[in-house]
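Chain lettering (A, B, C, D, E and F) follows the sequence in which the chains are written, and residue indices restart at 1 in each chain.
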Amino acid sequence: MRPSRRQNDELRAVSLERGVSRHAEGSCLVRFGDTHVLCTASLEERVPGWLKGAGKGWVTAEYGMLPRATGERMRREAASGKQSGRTQEIQRLVGRSLRAVVDLKALGERQITVDCDVIQADGGTRTASITGAFVALSDCLSWMETRGMVVRDKVIRDHVAAISCGIHDGTPVLDLDYLEDSAAGTDANFVMTGRGGIVEIQGTAEGEPFSEAELAELMRLARHGIGQLVERQRTVLEGQPQVGSGR
Amino acid sequence: MRPSRRQNDELRAVSLERGVSRHAEGSCLVRFGDTHVLCTASLEERVPGWLKGAGKGWVTAEYGMLPRATGERMRREAASGKQSGRTQEIQRLVGRSLRAVVDLKALGERQITVDCDVIQADGGTRTASITGAFVALSDCLSWMETRGMVVRDKVIRDHVAAISCGIHDGTPVLDLDYLEDSAAGTDANFVMTGRGGIVEIQGTAEGEPFSEAELAELMRLARHGIGQLVERQRTVLEGQPQVGSGR
Amino acid sequence: MRPSRRQNDELRAVSLERGVSRHAEGSCLVRFGDTHVLCTASLEERVPGWLKGAGKGWVTAEYGMLPRATGERMRREAASGKQSGRTQEIQRLVGRSLRAVVDLKALGERQITVDCDVIQADGGTRTASITGAFVALSDCLSWMETRGMVVRDKVIRDHVAAISCGIHDGTPVLDLDYLEDSAAGTDANFVMTGRGGIVEIQGTAEGEPFSEAELAELMRLARHGIGQLVERQRTVLEGQPQVGSGR
Amino acid sequence: MRPSRRQNDELRAVSLERGVSRHAEGSCLVRFGDTHVLCTASLEERVPGWLKGAGKGWVTAEYGMLPRATGERMRREAASGKQSGRTQEIQRLVGRSLRAVVDLKALGERQITVDCDVIQADGGTRTASITGAFVALSDCLSWMETRGMVVRDKVIRDHVAAISCGIHDGTPVLDLDYLEDSAAGTDANFVMTGRGGIVEIQGTAEGEPFSEAELAELMRLARHGIGQLVERQRTVLEGQPQVGSGR
Amino acid sequence: MRPSRRQNDELRAVSLERGVSRHAEGSCLVRFGDTHVLCTASLEERVPGWLKGAGKGWVTAEYGMLPRATGERMRREAASGKQSGRTQEIQRLVGRSLRAVVDLKALGERQITVDCDVIQADGGTRTASITGAFVALSDCLSWMETRGMVVRDKVIRDHVAAISCGIHDGTPVLDLDYLEDSAAGTDANFVMTGRGGIVEIQGTAEGEPFSEAELAELMRLARHGIGQLVERQRTVLEGQPQVGSGR
Amino acid sequence: MRPSRRQNDELRAVSLERGVSRHAEGSCLVRFGDTHVLCTASLEERVPGWLKGAGKGWVTAEYGMLPRATGERMRREAASGKQSGRTQEIQRLVGRSLRAVVDLKALGERQITVDCDVIQADGGTRTASITGAFVALSDCLSWMETRGMVVRDKVIRDHVAAISCGIHDGTPVLDLDYLEDSAAGTDANFVMTGRGGIVEIQGTAEGEPFSEAELAELMRLARHGIGQLVERQRTVLEGQPQVGSGR
């Protein structure tokens, strides 16, 4: 049995709490077990310089961890003066994942920045970030729709969510926590849309290389988990938008 | 009447939630109205280089704001590559305030870093940080006491808490929120101990200079407010320590 | 008796030497005993971006220490690649203090930067900086008046000067030098106008907390000292402006 | 037909030139068509701090591009003062890929750094880097074997090489050049061992999400291409080591 | 006899290979023995801010070394976050040397940046850079001439090349390699035009000071060497321009 | 006649004021006309890492300009976060020049850092720095001699001083001020010892290249000027050392 005593295809307790920021146009506190990430979506009426006059907008993401989000305190990136390679990798991934389901033309010449800040970490912070960021982004677009700026469902073309899988002691398992991740021989992250298309796949052999058969099994698990996450997103996004005051 | 419709000597709703971090030896989520700061205390078995062999420890603080803690998104300090002057001022203040009530010899050759991260800002983040940091520090020392490293009450000699005051429309008022702070003619921060000693006072005339009489009135308000904050700290720290797993 | 053998309410030998820079529109070499600070005021026909079109100007300050201004050589901030928290705190304080007596609208859409560079340090560099910066600023405005750009006395509404006080061996004393500062239990800096209004007060307990009564006594000393400093400013500013060539 | 007029499963002209650096213990100039990367392996008799005393060594990689390696000159990273997120992502990938086939214990407490510098870019720089870095690493270990430090074939457990694939106009194709990459709907990079194990897979939907069937087809192409690259590595590594002078 | 067994006035084997970059408007791989520098000239239709509207263009240079260009691997400047003083000195020298033979008005409001990247180092990298940069610059201007932007020979007024000399064991020698440079008592770099004018001279006594007579002798050697280098430039620049694709 | 109305071979008014810093082991305020540089020599009982155990010491220099030392205020290097290429060039030159007359073995395993800070600039700051730095260094060694650490005259083997020359309107002139430097066609800096040996020569053609005959004439002027500067150093260094308190 895996360390977390969950079934091999069992997610951790997942919650998506909307409207947690008073200021941000959209926000979501996402929890995958003990991994808690605060996602806020901020609208700005400008686009990056290289996109000026292109008739479309931009969606980007930034990622950070509080210094003691982890078991051992890490140095604050603002104090060390630069973002680590890991931080940059993750924020680029979150941004790409969101843009995969956004129609940038329908957004208009504006930028939405989704900040994903890890309050507490226990593995899977990047997949939780993507899953929560989608909810924050959706509420930001609802905020805009209320003000007649966009039609939300023309900008957002599908859901997007993400999950990690790994091979623990020879067995593929879903949604690794930190302990499982440390022990896993292979670690793979999957980003998929609500309709089941693959947006991003990143698989890494930590020890021994893995086989195509193993990859297929990891993908099967991921599809199962992401299906549940998208269902959760749908449920939580029903009803009224829960938006902040905006700027 | 002041914008917040509170009495001139009335604090915002204050809460101090202990044990909010799974990992940190001590932690506290402090809320002064809509200002929310997560304080975590992290123990390290080392001291800064300049203190080596001095037979005593060190307590320090770091401060940060999530980019969208504020009404308008601010640039992430980790991305801009340096901490602002304001950030450095505040974290130096928090560290000094905590050390004012700590016996560094009784701590032994160890360092405790208290991270104060502003999740949501509505004025008074530095005073909330100090007030919450004390609680996190206290639980960190309880964690250490459980392991026979220190006697908590020998290390912590008194409570410490802080509040802001200001002159609004000619009238001194307690605990400014962001709107009140923006409109105030004078802004003062007070840090005091449980026994009423002054640890730090910082008063700034934003517009017209202020008089000694006004300063005395601000101090009277501050003493009133800090008395309540210390009482709240006492209440919340009763009973069992609520500590994290530590490293 | 205090280490410097001065009376408790006695300033160090103070001098304010105007026109010491060939280039700067206004300049002043201020000496508080062995603390020597070169203050230069530089005019620029532009304002910071956030002030554009606001119909007013800006006064700001920068602070630095030569590496061997101190007893032990300090690392050059330009070489270490960033300004310390202490440097930033001081330059923010100097800027705020000057702006407290300036009518930014009467200045027009221009910026004056006062650089305070510590040539030699022996305690009280921030208070000497403020006191000397005022003189440099005044001559810069005289330079501008000569060219018909402003009326100096409409821009400068009052004098501003600053002094430190502390509690040495239980006794409040005025204008601490480095040795006294190192030994003082409480350290407070006061910034006041020529008419006696308080612009800024910063009091810090280095060891034991201090009482309101002690604070009042420190303020009494400060008022006494600042009165003398303002008198000195008045005397030295009489007669012809002593200005540089400007750009 | 694809823009490069190659068959869908056809690699660009590949060459691996050993011994191109006079100094480096091992080196390889790898060419995938117009993409040229200089890989040098440098031995140091030390390990990173966190590995000290662990009884094993470390293999790491750094990546850079000459400013005019690309069609449009890019800003020099040394001048801008930091490495981009893309640079960090790639160098982390190259390092992980090499370590997947290295026995760090057999290496002993030493570090080998493989620098991959792109002299000219036309797509696929990361896959060329991994493929060439393996050759440089192998010759570095031969240099060490000659000096009795290691047995090369105990340190290197297998070959490792990498290739990109993508979906061009609906058709999966192998080894994208820059033009093809810009037009591709999906871009995937595969890193595999000589025995066919998967070390790393990174697939990204640039536009529409992709399906599992498409991923499987891309992997089939990749396996075909990597097989040829490993064969090329084997051929070129036959015969005498071609090493530099070392330090 | 000098360590390299060359005659005292004998250059190393010199080669200037044009058109080595597919992208750059002009490029040259210059070899002075084992010192190999890749020079690329990049055209941009903009000038630095301080030159806007001045009716003339700018030619500048950047310099870098691959980390293992040297006997011992050096830290990558992009990773350390800044360019060394040596790097900055050299790139400023290369830029000045090129501008000495360019008519910036005839260039028009454009900037050409010549990147000199040292692929392999064995002494004399700055003199090789200047000599090769001239060839890259010349082909960049030919590229522009083809497009009717300039008349090359109106922009380039003369050749420019450079060589080092030194005093080895009391004897002045030409074109020091790394070993000779390390042992030389005096090291001097000369930059001269095709007509024999001096553009730059930098002489440094590494050990004992040198005399005017020695300087004169070094200059005689330099003139001899630079004459040959200019001859080589003339030969290699005959015939068709060898240009890249440009942007 | 040259703009400064001096004779072609006439220095500006030169003064060397010793003992101007209370703290530094040795110090000198050097004035070449309106160029004023404060030089302080600081002793540290450590050597750079790469020199440990080599049985010798190190002498190095740092250079800086106060922001308004110049006609137009320059950005503070500490605020911009890096030292310019010009700053680094100059401080490397000053350090080399001092080391040319110092016996590093006789110094012992210690480091002396000479800080050269330009209080006011009017051309020739690097040559004034070298000339004043020698005096500060000499007094630092006298401070050490008094404490039995070294014999000053065994560490310092000769004087060193520096001067600039240039070609103004076709005529070689000595010791350029800022206006003359801006108009000069060629600018050359010479560093020489008391016995007339050349330590460093840097000549740059700002416009037209210069000839060997012109260089010889510039050197004749420089030799004349440096002879006077060394004489001045000798005079000022007679009598008692004028040292600071040291650390």
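Quick notes
In this section, a contact is a pair of C-beta atoms (placed from the backbone, for glycine too) under 8 Å apart; a residue touches a chain by one contact, two chains touch by 3 or more.
For reference, the UniProt names are A, B, C, D, E, F = Ribonuclease PH.
What you are looking at is a predicted structure, and each value in this text was computed from that prediction instead of being measured.
Common neighbours of chain D and chain F under the contact definition above: E. More than half of the contact pairs of E-F, counted by residue number, reappear in one of A-D, D-E or A-B; that pair is A-D.
Computed from the mean C-alpha positions, the centre of chain A lies at a distance of 50 Å from the centre of chain E. Per-chain CA centroids place chain C at a distance of 32 Å from chain F. Separating the CA-averaged centres of chain A and chain F is a span of 59 Å. Contact with two or more other chains is made by residues 81-82 of chain F.
From chain D, proceeding by way of chain E and on round the ring, the chains are encountered as D, E, F, C, B, A. Residues of chain A touching chain B in their complex: 21-24, 27, 34, 38, 40, 42, 44, 62, 64, 66-73, 76-79, 81-83, 87, 113, 115, 117, 119-120, 122, 245, 247. Only residues 82, 84-86, 88-89, 91-92, 96, 100, 192-193, 195, 197-205, 208-212, 215-216, 219 of chain C touch chain B when the two sit together in their complex.
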